[in-house]
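Next up: some structures, all given as structure tokens.
You will see two complexes here that share subunit A, one where it goes with subunit B and one where it goes with subunit C.
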Partner chain A sequence: MWRRYGDAFYTLLTLAVFGFETIALGGLSLSFLLGGATGIASTPVEGILLGVVISTASALALLGLYLLSYHFVSNLRDRWQIEQLDKWTEWWVGLALTGPGEPVDAGSGRRRLPRVAVDSVLSLLEAVKGEEGDRLKEALAGHGVDHWFLRRARAGHLTARLDAIEGLGKARLPQAFDPLLGLLHHAKPVVRRMSARAAAVTLAVLPPEPGPDSPQARFIQAIKHADLQPGVVQEALLLLETRAGPILRELLADPQLSDSLHWVALETVGRLGLADMADQVAASSDHPDPELRAASFRCLRRLGSVPETAEATLLHAVGDEVDFVRVQAAHAAAFVPAEAALPALEPRLEDASWWVRRAAAASLARLGELGVATVKRAAESHPDKAAREMAVQILLEADELTPAAARLATGVA
Partner chain B sequence: MWRTLLNGYQYVLLIYFSSLNVLYALFSCIGLRAIVVVFAREFSQGSLRDLLERDVYKPVSILVPAHNEEVSIVGSVQSLLALQFPEFEIVVVSDGSEDETMTRLIEAFALAEQPWATRQDLPSAHVRRTFRSLTHPNLIVVDKDQGGKADSLNAGLNMARYPLFAAVDADSMLDGEAILRASRLFVEDETLIGVGGTIRPLNAAVVEEGRVTEARIPKKWLERFQILEYARAFFTGRAGWSHFKSLLIISGAFGLFRRTAVLEAGGFRVGTVAEDMELVVRLHRHFIEQHKPYNIRFTPDPICWSEVPSDLGTLRRQRNRWHRGLWETLWIHKRMLFNPRYGRLGLVAVPYFWIFEALAPVVEISGYVLVGIGIYAGFLSPRFAILFVVLAVLYGMLASQLAAGIETFLSNRYPRLRDRALLFLAAFLEFVGYRQYLAFQRTIATAQVPFKRGQWGKMHRKGIRGSTQTPAPAEEAEPERTTASV
Partner chain C sequence: MLPTPRLTDARILVVDDERVNVVLLERILEQDGYRNVKSVTDPSEAVALYDQFEPDLVLLDLHMPKLDGFAVMKLLEDRISRDTFLPILILTADIRPEIKRRALSAGAKDFVTKPFDRTEVLLRIQNLLETRFLHLRVRHDAVPEGQAT
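And then the complex of A and B:
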């Protein structure tokens, strides 16, 4: 989306130009005010004005020159980069498959890899795993790229730091895990967010270890104490891939867990479809916080299974006093046996909330023949107009009704 | 006496000019830094792919109000259907169209009329018919009595099922990743209620399969000037205001909002020509008055391509409407002006819009008149006047170059070196008549505010060309949580 070179310099240049121009304008304004006694267009004021005009013209020329040069150079560089990326990718693939060979720029005698070489291996590392991936990581470490990234992630300018954190995330280097956890407490939110993602993808490839000092335990402690938005924590947990399950289990088993993290854990279990955690999820279905009750039902719905032990609570929640809890409970009720769910869902067709009516009708339509028959009956003869309309709507969406039949049923011309 | 008054007014103008340029410089630098640091690095392609692969997104309802849009509606909907986003619905609302808008939609997307169980969260004009596409199940079309753009958006909101909604103009085209880039911000920030993206002129761009594949500089200078105007407005101005949490405008051409927040604030206001700005100001006001945490942001990444006027008449009507809309909004929310209750909005942002946006054309025109009078009356030397005008032009060019310069860092920039040179030239030429013409039109608009409330004026469109692609499937609706307590 954005070219990432020359932009920081452009920012500095702009800052310098406008900083200077601001001073010049300030001086000009002051001279206007002071020159009031002798007339605004007095000779000294005019001289200052001329100076400001010349400085502004110079600034404009400088900025224009930079932009034209940047445009020209970046066009060339884009083309060169594509060629170099191809060459380096070929070389890295060879290294991953058969072991080290001569680097592309071996002739230069440099130990440090050029940036384009690092970019190409980082892209490869997102796809290459296992032994081949380890070989690439060893090569990266051999060239000191890990130290270079870590140094920049800790001490560099913000743009350099963010580039380094992104690089560490792509490289998934075990030695970067703890430094990344340390950055979760950085003062700048953007650094915390990017570090959380990078730490998560790194943990995803670390071998599992037991014990309170394991990387997994350290990660849990770090996200519990870092100032991160729930959405960011959720992203990080989703990036854990197969390592997410044990961490989510540990989080949900913690009675001291904050409501925020509790909600995130429930959402993540649902999104990852960890069906074996349905019992742990169901334990939150009678939580005093309605947000957590709703999250628990939403999760069960995503898992597509409701433990028998939670059925009664869920069906009771279909009539919860909080509407968004009713919505989620009604959706999840589609995964309860039809005989038990029908009596709870049918009255909700005339719920005051449009969302509850929709969820109830949709779940009924998923309950098999019995449920569909109930919706069809509601579409034809339910005394409540809103219930009839919703039943027709759901039947249309489920292809149980044609638009023509629907028009007939609702009296639409 | 009159001479003293004119002299005094000169000082007002000079201080005004200096303050405006200093403030503009400040916003530009801050906005540029935000773009370079955050958006170029944090929201990389790789992190976006991670989001998609791991289902981290909130589904979106895209609302497309359309009134007599027969020329562009099919191309626009095709482009929306081709968006790279896993879960979205498109709700086109034909606002009493008298042309072939509905017929073209019915034919292009195999629309079948069907009844619809809608919520009545917001009042709107009578809905005549609702349609669903037989070929694109996530496309819904509403045919309603004419009630204006805001009324259409309210009708669309009543149909919308998803927690986020995007308001998109029918003559606009979104970048493939625009919705994904904007919606991810809502995942990360629970308090976020609105996000505005960047609008770039669509004129002359190469469009393939409903996507802009190459930006090109249009042939007409009128359109080229608008490239600079849009770059100035979006890449610097809005980025800067957003940094100060004081963004007052999210363009009606493309904005993404949390549905519950907009409903809570009462939806779009009918009877104003600036329903986009009015909504954003009202959202600020509502959440401040309710003491609720909230955030409204600009992000340069989601790019929306919009057709800009290519003839002077349409441009005049558009700018007249925009300026009246600005005044209408500021007047509706005049309580916020210099009101410390609204924090930096009341003390900085709203006063800025009164002084440096709404009054700007009047000050500019009066400045031109004053220079003439000053030279004629002999209290301003022609040499001094010329120097001052040159300085104003140079400052304008500097601001344009800075903004257009940010565009150079985009991968989909104007590709040729010649384009960059043309933009440089355009930054100079816009001061030779174009800027003065618009200032004059906006001055007229200022005078018309009390008499032309809510009047839009006719727009002439060339239209968007494209072709259909397979859309993402519409999945189960996901109602938004009603509070942001966790």
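And then the complex of A and C:
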């Protein structure tokens, strides 16, 4: 029972074990009874023992029967569920594709939909949008599923709330957007988190609107003022799909943005590869907070693009006083023209930090012939042993050096 | 010259572990006139069905249990000869660029992001099939008369 796979094997094994035990105990009980008839179980102690054996055998038989019937019934139930799910899926797909006016066999009218029907349409709404998705949403609203979910999301047991919020996220109903934003201020962090996800996926399918009262503006205000972990905000921003760009642009343009949100915005731009935002990202490259400087360079590296206006700041940051900023700046320097990047990166081969040395050598190796020649030269004759070893390591990884030559260069036998 | 096949005659294989998605795609394709659509919800059956069905297009989900879309592409890679253009259209909810890059380098030709728009899916399928048939035609015409199989 409490398993998804190997049910048949588990059932057979259970049957074998309980069958064996029951037969053995049954035989023992029988021999006691026969013994009683012939005077073997004649004492009170033997009578008690006989009672114990019989009750154990009966309990095992009952338990075995329960397990077998459980599997039988759950198997039937699973099959029924799958059949129902298939039936409802076909029905919802038909409704989505053919539109209103086509004959439908069940579920029309405003009666309560069974749970399997709701699960089926929610799965479908995760797969389809546009006109087809709108038809499904209308049907859901027609059956009052939106109100039911919203009621459960606002009150009731925590599990039921989370279930309802998840359902709203899958359904992406426009009418649920503002109530979901309201739940971003809920006392429980898990409710805030689920609501942020659901609100983001809903916003992703809402038509863009201009103005300070647009859904986009309301979402930005909500995430600015809600007590959300940076990871939760980042997840929500990633779920915005194509709507993420304008929202991230607006966030990064806000001079009052908190450092935490600022960091999240930079990370998300990098993860989504929004290369057209490189200029806005580069604006944070001289931020007083080293975490934000590092995030800015990490983002530029992920975008694979450093705006010309930011090159000087970036190359200066290759020598930043904070090591993790130097690491990210050195990585991003691979996207600056070789002539400018070389003088900044080469001295970093002998940086005190292993990570900076590695980032500098890796970036040099990506700067074309000039960069590779610099790394080769360092591998052969750099006075600093750590710089030599790092250069050899990077050349090995880039297949620019054979293992034998590497051993020779590092003096390892 | 090879007669140009109708797009709706194309054999399309759908591989997605979500039954709902499979039914949806089958009905969308059916409604648009495609008659040769086969599907599997168990990705481990995809290769066997590929061998048997020889599709002109594969619609493939990326995130599946046991065998994901990348693993399926890896298995199909050995079966697709280098001079064949067999389009694989990826269906995914994951929009991260690194995932797209990874899928493209694994052999995918195009993407549709879930939740998808019916028109967009059909247009992408149509484009890929047109390219597939043009490629088949060019290959056929390149083979000297009498050698074409």
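The criterion applied here is as follows: the second predicted complex is superposed on the first by the 321 of 413 C-alpha atoms of A that agree within 3 Å, B and C clash if a C-alpha of one lies under 4 Å from a C-alpha of the other, contacts with A are read in each partner's own complex, and residues count from 1 in each chain.
Methods note: a contact is a pair of C-beta atoms (placed from the backbone, for glycine too) under 8 Å apart; a residue touches a chain by one contact, two chains touch by 3 or more.
The structure presented is a predicted model; accordingly, all values stated were derived computationally and were not measured.
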Go through the superposed model and pick first if A:Asp227 touches only subunit B, second if only subunit C, both, or neither. neither
After lining up the shared chain so the two structures overlap, which partner does A:Leu28 touch, if you call subunit B first and subunit C second: first, second, both or neither? first
Which partner chains sit in contact with A:Val205 here, subunit B, subunit C, both or neither? Use first/second/both/neither. second
State whether A:Gly94 touches subunit B only (first), subunit C only (second), both chains, or neither. second
Which partner chains sit in contact with A:Arg271 here, subunit B, subunit C, both or neither? Use first/second/both/neither. both
Have a look at where A:Leu85 lands relative to subunit B and subunit C in the superposition and call it first, second, both or neither. second
Touch test for A:Glu126: subunit B only (first), subunit C only (second), both, or neither? both
Answer with first, second, both or neither: which of subunit B and subunit C does A:Arg197 touch in the superposed model? first
After overlaying the two complexes on chain A, where does the subunit B footprint on subunit A coincide with the subunit C footprint? 126, 238, 271
So in the complex, which bits of subunit C are touching subunit A? 18-21, 23-24, 27-28, 31, 93, 95-98, 113-119
Could you pull out which subunit B residues touch subunit A in their complex? 7, 10-11, 14-15, 18, 21-22, 25-26, 28-29, 32-33, 35-47, 50-51, 54-56, 112-117, 119, 129, 132, 177, 186-190, 301, 379-381, 383-384, 387-388, 390-391, 394-395, 397-398, 401-402, 404-405, 408-411, 415, 417, 420-421, 424, 476-477, 479, 481-483, 485-486
Which bits of subunit A are touching subunit B when the two form their complex? 1-4, 6-8, 10-11, 14-15, 17-19, 21-22, 25-26, 28-29, 32-33, 36, 39-41, 45-46, 49-50, 52-53, 56-57, 59-60, 63-64, 66-68, 70-72, 74-75, 126, 158-159, 162-163, 166, 170, 190, 193-194, 197, 229-232, 234-235, 238-239, 259-260, 262-263, 271, 289, 291-292, 294-295, 323-324, 327, 331, 354-355, 357-359, 362, 386, 389-390, 392-393, 396, 403, 406-407, 409-410, 412
Would you tell me which residues of subunit A are touching subunit C in their complex? 85-86, 89-90, 93-94, 96-97, 120, 123-133, 172, 205, 238, 241, 271-273
